[in-house]
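As written, the chain order gives the labels A, B and C, with residue 1 at the start of each chain.
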Amino acid sequence: MPNPELVFKMFASGFWNTLWLSVASFAVALVLGAILAMMQVSPAPPAKWAAQAYTAFFRNTPLLVILILFGFGLPKLQLQLDPWQWALIGLGMYTSAFVGETLRSGINSISLGQAEAARSIGLTFGQSLRHVILPQAFRTVIPPLGTLYTALVKNTALTLVLGFQELAAKTELMINQDMASVWIVVGGIIACYLIINLPTSWFISRAEKRAAFAR
Amino acid sequence: MSNPSKSTVLFDALGPRGRRRVLIYSLLSLVVILAILALAGLQLDSKGFFESSRWVDALDALVIENTYIPGLLNTLKAAGLASVFALLLGALVGFGRISPIKFVRFIAGVYVQFFRAIPVLLLIWVPYTVSNTTGTSIDGFWFVVAGLSIYNGAVLAEILRSGINALPSGQAAAGQAIGLRHGQVLRLIVFPQAFRNMLPAVLAQLVVLLKDTALGYIVTYPELLKMSQQTASYYTNSFLQVLLVAAIVYFVIAYVLSKLVSFIEVRMRRKVPKTAAAVTAPVALTEA
Amino acid sequence: MRMHRKLALIGLAAVALVATACQGKASEDQESADPGTKAITYTMPAATELPAALQAIKDRGYINFGSKFDQPTTGQRNPATGKLEGFDTEMGRLLAQRIFGASYTEGDSGNLRFVETISKNREEYLASGKIDALAATYTINDERKLKVDFAGPYYVTGQGILTLASKTDINTLEDLSGKKVCVAVGSNSLTNLQKLNAKADVSAPLADYSACREAVENGTYDALSTDLPILFGFKSTSGDTFRVSEETFTTEPYGIATKHGDKEVRDFINDMLEEAYANGDWIKAFEGTLGKAGAKTPTPPPVVRY
């Protein structure tokens, strides 16, 4: 008994959940990633080691394992959070490891000459950062960050194991309860991901071309 | 980078006062980190995390033999077969992307753009669900292999394309100048050189593929994660401990493999003259 | 770089050491094994005459029997021994003994091979021949009779509610209104709740009941609702964590399902069940599994032939 209005509502709700979760986790990932990158370039070795340990853990453990560990395992230690909160934390921390690495290579890709030149004309640390280093690092870093965001959007699908009702979870419900023909449901979910991701990749390749030109 | 007496992008070379400050910061941050760890440890202990009764079942030798190891073998089986298919598909589509025939380029381009825009999970789980509703019952294994192969084929195709494009255009031009056809240019001149550049990125992507076998959990393929979850459900007091063991196993495997890949990369860099830039890591790095 | 390699090696060595240390504990465990995991011996005699489909199975040498692998006391795989434990799996064992005789073997190359079936794929696996029969807390209903054959019922139960022991306010179907209830995707229990109490919040089902059990323990959901044997299984293996409300609001007769359209096979299995009722095997199976979880042994339900 296909009910188009209900199907549309399910898709809309799943789409919205996917979208806001991906944006929110990316924000978390950017903040954590920036902290990680700072720790990695700082001259204090313990900070570096801590950042490297964190990065190594989250880059080498599958995201699904991390989500299950966080969402089902950590609550055993009486850390009660809602599924969406665990999804946010899990996705955010996982992606932050990759963001941190990207930011770090961005900073490292700036040639030393730039910083020396800035200092030789008398700019302070803060000024050289703001006017010379970061603008260049920023341009280098945008395309990989865009790719990371795309990967994050795709990774939100995994949060269905926590019961978080994003697109994939809604799709499963629709198929199981025969709300519409399987092909419509499948077509719908594919379309939703394409709607989010194709513009992002187009934007990334434009940014890449502009960055290459600027260099 | 950590040598305080050299200039870095953000920090000037340090004099004696600077070095002393760095030492103080280092000690401070060490103390802070140890304090955090200690606090976490105490907190865990108060919730009974370290109780040996919880760990005994998680690390029981029989469980390892009858559950973890078969799970791990299933993981490796799926990863191995999927890697083979992904490499074949990747080569096919990758060469299609640089074909002189516009139509082939277009089809390959659509393949890559499409399959990189949707989650791998969908590629594994949608065919599984659809096949279930139509009444056939293919083993979860094939869905895992198919999904991983198709997705990673697209990623590897991109790596192949960047690897070939990273080669100076003079190489291909020289090949054409002496009268070789497109296919011969690829086979004799471009690919052997590009191969060296691409290899680390390809291997890194295969490690990502191995991690993605964990998605088999969703289609109940009995790989390591699913088997661990079954164990965790059986020993109701040891859920967290069992999952941690699984996480550590994945971590160790992926970590060791990626160090191996870096090692190969370093050794190859020494041999390759600096004519072509290596395919940049970010492609593999960001395929989270 | 070298520091990290050393740390990784130390980590590996530590895991290996712990594993070998536990070896000793494991062999001790095996000797004083949990009596529940010891096999139950039945007096079921082998059948002298088999219907064609089952004769083919006997000639082939093995039967593929579907079971749940992660539901305590009804069908659960023991990670240490690899064997299945539970009331439903005992039905499989009775059937195997009926076909192959008391000396049948279990395991991947034995006469009785268990295949994991989950709520979603029970009918598909039977239709495709991946399994020959199944007992997996599978309720007999007319809709399903169009797709599979049923022998039994071998047990009649109902859908109930499980909550944390501390939550004493959820006892009946009505109490579920407005509460977050965990059920398995695509399960009967989900559709039952939608029909019987639309105000219960079942908008976020999880993949299977073991995930639901964890989620309820974690407080993510207010209650778990499914058939009593599954609930009892969770309750009995979790100390004092849960309470189960025994008021059931549906009737769930469990059947052994086989491929659609073979009356001879149905009758054969029904004969086997009646034999098990008469010679005490059914009671042994019940007391060895559900009985130990706290369920009172009922009189076996009469089989319904159709």
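In the analysis below, contacts are C-beta pairs under 8 Å (C-beta built on N, C-alpha and C of every residue); 3 or more make two chains touch, one makes a residue touch a chain.
Owing to the predicted nature of the structure, the values given are computational and were not obtained by experimental measurement.
The most centrally placed chain, judged by C-alpha centroids, is B.
Counting C-beta pairs in contact, the pair that comes out ahead of the other among B-C and A-C is B-C. With centres computed as the average of Cα coordinates, no chain lies farther from subunit C than A. Our note on geometry: subunit A versus subunit B, Cα centroid distance of 16 Å, whole angstroms.
One simple way to say how far apart two chains are is to compare their mean CA positions; for subunit B and subunit C this gives 37 Å. One inter-chain figure worth recording: subunit A and subunit C are separated by 40 Å, centre to centre, where each centre is the mean of the chain's CA atoms.
Counting only residues that touch two or more partner chains, subunit B has 218, 229, 239, 255. Across the assembly, subunit A contributes residues 56, 72, 76, 161, 172 that each touch 2 or more other chains. For subunit C, residues that reach two or more other chains under the stated contact definition are 4, 120, 207, 214. On the subunit B side of its complex with subunit A, the touching residues are 1-2, 4, 7-12, 14, 22, 25-26, 28-30, 33, 43-44, 47, 49, 113-114, 116-122, 125-126, 129-130, 133, 211-212, 214-215, 217-218, 225, 229, 239-240, 243-244, 246-247, 250-251, 254-255, 258, 281-282, 285-288. The residues of subunit C lying in touch with subunit A in their complex are 4, 120, 182, 185-186, 191, 203-207, 211, 214-215, 217-220. On the side of subunit C, the complex with subunit B involves touching residues 4-5, 8, 11-12, 15, 18-20, 22-23, 25-26, 29-30, 69-70, 72, 76-82, 116, 118, 120-121, 123-125, 127-128, 130, 207, 210, 213-214, 237-239. Subunit B meets subunit C in the complex at residues 56, 59-64, 66-67, 132, 135-137, 218, 220, 222, 227, 229-231, 233-236, 239, 248, 252, 255-256, 259.
Residues 41-48, 50, 56-57, 59-66, 68-69, 72-74, 76-78, 94-95, 98, 101-102, 105, 107-108, 110, 112, 114-116, 119, 125, 129, 133, 144, 147-148, 150-152, 154-158, 160-161, 168, 171-172, 175, 182, 186, 189-190, 193-194, 197-198, 201 of subunit A touch subunit B in their complex.
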